[in-house]
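You will see chain A twice below: alongside chain B first, and alongside chain C after that.
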Partner chain A sequence: MSGAGDREPVFPTRQSLGAMKSKLKGAQTGHDLLKRKSEALTKRFRDITRRIDDAKRKMGRVMQIAAFSLAEVTYAVGNNTIAYQITESVRQAKFRVRTRQENVSGVFLPQFESWQKEDVGSDFGMTGLGKGGQQVAKCRETYTRAVETLIELASLQTAFVVLDEVIKVVNRRVNAMYARPAPLSSTRFYANGNGCSEHVIIPRTENTIKYINSELDEMDREEFFRLKKVKGVKERAAATEEEEKKKNARRTSDKENERQEVNGGGEGGGNVLGDEGDEDDLDAFEAEGFVSQFFLRAKDRWDQEPERLLRRFKAGSGNGEAPWKRFMSGVGVKRFVGFA
Partner chain B sequence: MALPQSAYKDREFLAVIGDEDSVTGILLAGVGHVTDPPDSQKNYLVVDAKTELSTIEGAFDAFTKRRKDIAIVLINQHIADKIRPRVDGYAEAFPAVLEIPSKDHPYDPEKDSVMKRVRKLFGE
Partner chain C sequence: MSEGMFYNVSNGYVEGIVRGYRNTLLTGQSYGNLTQCETIDDVKLQLGPAYGDFLASLPPNPSTSSLADKTLDKLVAEFRYVQANATGSLLKFMDYLTYAYMIDNVALLITGTLHERDTRELLDRCHPLGWFETMPVLCVATNIEELYNSVLIETPLAPYFKGSLSHQDLDEMNIEIIRNTLYKNYLEDFYRFVNEDPNIRGTPTQGVMSEMLEFEADRRSINITINSFGTELSKADRKKLYPNFGRLHPEGTLMLSRADDPEGVRIAVDGVTDYRTMMDQTGMGGGGGGIGNQSGGVGGDEGKSLEDLFYQKEMEISKLAFTYQFTHAVVYAWVKLREQETRNITWIAECIAQNQKDRIGNYISVF
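Now for the complex of A and B:
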């Protein structure tokens, strides 16, 4: 992804690495769970949609029958005052609904159910007393059944509306966790801001972990190199001290040799010191497991015939080879890996 | 996402907006209710050719928004057609708005706002 730009602002420490790893794990678990939830809801949703379709068609038939029975009433009563009577004599609802909740994977879907309020007398006791009482009773029953069908349908429809909403939310959350490879530009654009940083929790965390790992490795290498250097310096100092001691000892034992030693040693001292230093460095390298037998062999040859090697080194690239490579192959080192 | 209980607990009535026959029939089932005298609100509206559009819209808004005791609103489809933008724009779970056929106008699934959503979801 977009590398350095898209990660959390953390310090690269082992502690934050641990925190990031557990965060990644949590995010992945959450993603799985949400995905499953979304699937369960979608399954339910399809089921409900199909039932709505059926129920709507059934409603058409039921209402037709009911309308027909009302027409019978009008015919039996003979005049059209019945509608007026009914609408005007309404007082208290006998037919009521209550709402129950059904739990589908953590989502509460409402379910209506009808009930008859007992202490309310029927408002239409007198309706059709003169004529058509039987038709009125029949019609009332038909309509009661029709309204029950309607309530069933209303339950389905409400569930449909609620589920639709919930599925949208859940899907958005799933996508927030992960991780279709979002287009680069949009990720960078949204990453620092409002709302839509939600696209990328898992990739972002993975990026952060990668970043922390690389930083920690880098710090390891730096530390190792520093230790190596410190050790080299220390051993060099120790060798110098040793040399001084030797010189002092000779100085005290032989006065005649002393002058020669001082004269010769003034020039040679530098060389010897340099060689000694290199050797100490080499020991340090060897101690760290850095130098193979090839290097040691090269050093042996250097000790035995330095002029020849120097000549070869200076001769340079007869055939386009780098002089140092040629030099190394001259002392028997055929291959180097990452060492230049 | 659970709805707060207050959203549905007190809702126990049905409301009807329809032509005379539909309202009569449904009231006959015992649905009708008039609230106590001071304001005496009915939970039904009889619509005929002379009813103003604003009256229908007012009743629809009252049933869906203002009154907290109505669980389901039944509305004749041909009346819903008159205030179609309002019905389509209504997306709440409570109260549920249900379009029903009337005697003279058979039910047409193509027009129903919920069925439209269903079909849109399944790309038919």
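Now for the complex of A and C:
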């Protein structure tokens, strides 16, 4: 995947994390739906392909018969102006075509169907009255059948073209959603050449979520460090103040110890982190910070992959390690201080 | 017997020529060869001896219709030659032959005028045998009234229009009814001509031609009846289209005019053995079998349609016409035979072009 660095331009905030998550969810649902649609369309597509094959074969036979019946007419009538006579005597079409729409998984396919207009008389019914009339009638019948077949075929072919187009679009959308190579070989064929670059949205959203999570972690750590620092400074200030008070008190009461006390306070202020004397307080603070972080992360993990977590939780109880510890490391809390 | 003495004085040459043409008609052997062909080019090659020059200009693998056009061209050329050499009653007789094609042409042009097409391009589609000098003038007319009053009057067909069709009819009636009305008038006129013309009456021409025209009249009556089932043609109108002569006339035609279904037709033609046999052969009327057994290839039905049987019968009559001598009827028979030959060639070519070899034997071979 080339998309490691590919993410959406968002600020790594909790709000956008939520937005991204809902987006991911939507994308996955959409992906499922589209895939289902694609499958339904493909099924229909194959069905149509098969019917086109049948219809074409049938058309071949019917057209042959029809052309031959025309030859019979020419034979019986004895001249070749019969076709002209017939076309000239027809004023209104009896055989007509209408369209309707058929809905296949949200795709509208045009369907042609033939019908015979009832009130139109057979204008050339008397053509060949003197001779050849029976053949003309016969020919008319066979050609009616031929045209019916043609219309059926036209309907199928149109559906074929439309469906082909729609399947391409849907498959491209499916591919655009997801990272996995498409299950159908045909989908890969339909993707525009450089296959994988099409799998865009879901990977990108996942990347963005990952990015936001890591940024949030980083910010948490920074915040934690900052708070610690502030606390240290504050304590130092408080200690200095204490010293001052003591010194003042001592200065008032005992003036000879003054210089010594000032030096000792200076030493304590040099240790900025101040993690020796105040360890207990600090740990409690740390724990508090981590607990909130832990719950958030645990919830995230739980949302994303509950099975895996449960598995880990159970597996953890097997090898002597405390299950909760495994669980904690499972949800990503690496350093868990002062909670035991 | 006077025709035996004097016929050859004026018409002997033409008769000889026509008999010669008759001998160049394709035989069963030739058709056998044609049906073995794999491509239209093979057909063209097989037709070489009979049609030589006329097919030479065809491109490789011609369409069946252009092939048919070329075979028709040969008929037309020969007909024109015969016509040019004919005199007297034979010339008149041959004019009558062309009237049938004229009716088709005029009907075609009327259709074009009715639908306000450019009738000029229709002239190419007209049957060359039905060409008459004033035909291009038909294209000048832009509306039906003009066509009727100033143009049709000038054509040889004017007598057939007169009395039975007004110009309103041209506008309102179905063109097929007009065509068949004209054809009925034409047949009656032709029949009257062969029976009453002083030069023909009492000659074998009268006998042979009467038989042929009667058959033609009956065929039209039966066809019109069968083809009008299921159309808006009323029985009264239908009756008007039946020629007033023929073996079915008058009882048969009367019954035909009342027929509602193929069964009725069968009853109507029951009095004439030939037609009854035909109806039986097609299975029509017997058990209500479908009309037009020359069906669309699926069933591979070997049964012949009524049309086929009529053609068959026509060919038999035409063939027999050549057993007579000193008669104009050979010209008529020859034209019919040649037309059938053109149809046969077209049929075989179509079968080959469309790869429907199983039906290829459906042609009618006479000799």
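Everything that follows uses one rule, which is that the second predicted complex is superposed on the first by the 217 of 340 C-alpha atoms of A that agree within 3 Å, B and C clash if a C-alpha of one lies under 4 Å from a C-alpha of the other, contacts with A are read in each partner's own complex, and residues count from 1 in each chain.
Rule of thumb we're sticking to: a contact is a pair of C-beta atoms (placed from the backbone, for glycine too) under 8 Å apart; a residue touches a chain by one contact, two chains touch by 3 or more.
All of these numbers come straight from a predicted model, not from anything done at the bench.
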Partner chain in contact with A:108 - chain B first, chain C second, else both or neither: first
When both partners are placed on the shared chain, which of chain B and chain C touches more of chain A: B
Touched partner set for A:82, first chain B, second chain C, both or neither: first
Chain B versus chain C as contact partner of A:64, first or second or both or neither: both
Which superposed partner A:166 touches (first chain B, second chain C, both, neither): first
Partner chain(s) touched by A:228 [first = chain B, second = chain C, both, neither]: neither
Touched partner set for A:150, first chain B, second chain C, both or neither: first
Chain B versus chain C as contact partner of A:97, first or second or both or neither: first
Those residues of chain A which chain B touches in one complex and chain C touches in the other: 64, 66-67, 69, 71, 122, 139
Footprint of chain A on chain C - complex, ascending: 64-65, 68, 104, 107-108, 111-112, 114-115, 117, 122, 125-127, 174-177, 179-180, 183, 219-220, 223-224, 226-228, 230-233, 241, 291-292, 294-298, 305-307, 310, 339, 342-343, 346-347, 350-351, 354-356, 359
Sites on chain A touched by chain C in the complex: 64-69, 71-72, 74-76, 78-81, 84-85, 88-89, 121-122, 125-135, 137-139, 141-142
Partner chain A, residues of chain B touching it in the complex: 1-3, 8-9, 11-14, 20-34, 42-44, 46, 71-72, 74, 91-94, 96, 98, 100-103, 106-107, 109, 112, 114-115, 117-118, 121-122
Complex contacts: residues of chain A adjacent to chain B: 49, 52-53, 56-57, 59-60, 63-64, 66-67, 69-71, 82-83, 86-87, 90-99, 101, 107-108, 110, 112, 116, 122-124, 136, 139-140, 143-144, 146-147, 150-151, 153-155, 157-158, 160-162, 164-166, 169
